[in-house]
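We call the chains A, B, C and D, going by the order they appear; numbering starts again at 1 in every chain.
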């Protein structure tokens, strides 16, 4: 029996109608949720098991799914482009993000990578994230609170270029417009053999970052793009999706050497 | 100060010469490691910090990197195609693999996905993995032992099609030639709203699996391929790599509904 | 001096504002062309050299470009999905479409592939194209007339499955929903060693077509997709385009054997 | 009846065993062709129809296919990387290469693009190709002779940067390491609205070329990569090929404005 699988007040739940139409909603007594396909009384879902369905006032069936970290990130409040789940997954695999790791990040941005990293290193590990713009730190704090991972994350309103007060980190994450300026401070924060990952929209950034890494004590430097091709699988009519995301960012990986 | 970052007897270490030439080696006193670029005395690396280098007898510099899970998987013993790190990362991101999750898997194969899942759910979570072929279970056990994750994994020499004795799992992973035959038992093993992921080399498998999922109580079904394009970033000469992996497998994802 | 490069009445001209905003217009005396960026008097462009510009009534500069076949195809009237220029280019290269070749096609559809083939085989070669639906033949005729290639194309309102009255063709082109039904009649129409190309949106069509080709006297069978990744090249900010076309169709190629 | 489809002395023929094993051979009386699968007496194929087969001395069946331009290019003698058929096809489609066009090219290299262009513009059109390195011009001449297109091509041993003595060209093709240096001379050679295409292995070249085009009287500038994904279509086991070409070159296209 699965005791912890019932929807409770205060939970976040995905109201799932279709891949394009899904909403991340906080469960509050007495509230009504309005969709273009009818209304749902939130009281009616409290106590249901995740995976159940409800019917809207317009007779549409809505599935109640438990959000995973990807959902919190895709639905997060943002001021800039977030890092896509595809890129997050590859960062996890390539850097060794996993329970217990100590992570340093700059900049926090809207907190997508911060939240993702914390979700994998908790409860023993920790993410220290630096952001220089106060308005971004505020948004990130709200997104982090929603994800329930606040206690595994320390946000700092500081310019990481001027130095990072962490040492011995396992993993360093960079997501700023001039990533090469963070190579030296991140190198100091990392332990020997530690992993660095950076996210760069343009080839020019990846190129300049790579040159800087080569000259600053890193090896095993790799640059790549992650491309997802959706497949529309239907009996006798299977083909790749006609639409796809063309590009998000280059990912750069490296290991610190002594 | 980083106390735990010194190479000790019994550790695994990556001897890194270049992206193409790197070896995963167990540190044993008195042994010599032979490469085409000279010999390394293992005694000379014991006590060094990860990230240090040694010089081979042919004056080649070798970096000593701490392996991450990806390295154990790429260097694992295998009888069949392993699942690539690119696909593992996307599976993590799309299913919500993270600390504390309970995972059911079939088949174990050489244990790549098993090890990767365990590395993310440990120490509170667990992976229950089913394999019907004894020779694969033996290989998987060796690979798992090397990764140091044995206590988070239970291997079962059973045909998962005939039923799984786990319920309430968060995540179900399928990597067999006829994935549709496992949809019903995996559905029973999963909790409501739980995530399923399957790995299928061919479009026909993905198609048949998708149809079965649609008819067996799953929603949010997605099929995709993950394509990695390496970028060769060099000052003034940056371009995508001339070689790339064309295809490994389709990934299918779904959520259990009640 | 380039005598034939002046815009004349009856010509088609591309009014080019930007990649997204360009119009294919027939030059007629006395007409006005209305855009969201102002009006152009067509009289004012007659006699100008191709490559010149005009200014709209809203002071926007519009370039006057000479359309190439790709433009006629992209701007053609259509009832179904046309074949994209990317796929047309590969068909040309893989089948050897070139001056003097005799081409058989089924079905005509809106005539995109017909027009493209005729533009490469003219003036000595010819395209014989079969279409079973009268409403498509009418649209194709209009599109072909616009392209100026009518005399190199013979349209036939016949079901090609019931036989093709051409023999000795160099190249056979198939663009129908059940391409395998045309393999046998196309084989009869082709000369020995002749090239066949087919366009199939789904992998199931490509699979069934391939099996049929293998069993019906063809060799050198290849299936592929053509993917175009636009690069946004800007000084210091170069990256692949964020948007791209995910999939249009599989292309199948084969050579007739005796 | 197809009179011209018999193999004659002096013809080139493809001896086709499999996609990986095919040879382009000149038909000469009295010669023997040796493969790892046995020997073929060339006399035995003279007079056969294209599309026929012969049996080697090791009882292997070899198909006799008529080469198309793509085959001459793939089998051409070369000192540098040739332009791939995929890129040639897109260049044809994007520039409007077709019968009667006048083409200017620099540099000739081993003549792949030269031959391809000539195969589409002949017999009324012409390709004027500039090459500054004598050893390349010699190789190109041999490759062109083999293709049978010599009379539609004029090779010039001159540095195109110092001026091109052609005007009124329809299409300009650039394949050199510093393509931006040819923008100005190519602009002079082109008629108004004429098409330019360039081939650049790196994104830095494409970037610098694009900036130069923007500043030198061109519009409709596009940069792209062409990616071919082979599909292995087999009954019930269809999937993309495990191997693929990662990158060849960026293609840049533009139209001359006045």
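What we mean here is this: contacts are C-beta pairs under 8 Å (C-beta built on N, C-alpha and C of every residue); 3 or more make two chains touch, one makes a residue touch a chain.
What you see is a predicted model; the values in this text were computed from it and never measured.
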Neighbouring chains shared between subunit A and subunit D, ordered by label: B, C
Selected interface, C-D versus B-D, where C-beta contact pairs are more numerous: C-D
Distance from the mean Cα position of subunit D to that of subunit C, given in whole angstrom: 21
Cα-centroid distance, subunit B relative to subunit D, in whole angstrom: 43
Interface hub residues of subunit B, defined as touching at least two other chains: 203-204, 225, 229-230, 238, 240, 250
Contact set on subunit B toward subunit D in their complex: 201-204, 225, 229-230, 236-248, 250
Residues on subunit D engaged by subunit C in the complex (per definition of touch): 1-2, 5, 16, 19, 22, 49-53, 63-66, 68-70, 85-86, 88-96, 98-99, 116, 119-120, 122-123, 167-168, 191-195, 203, 206-207, 209-211, 219-220, 222-235, 238, 240, 250, 252, 255-258
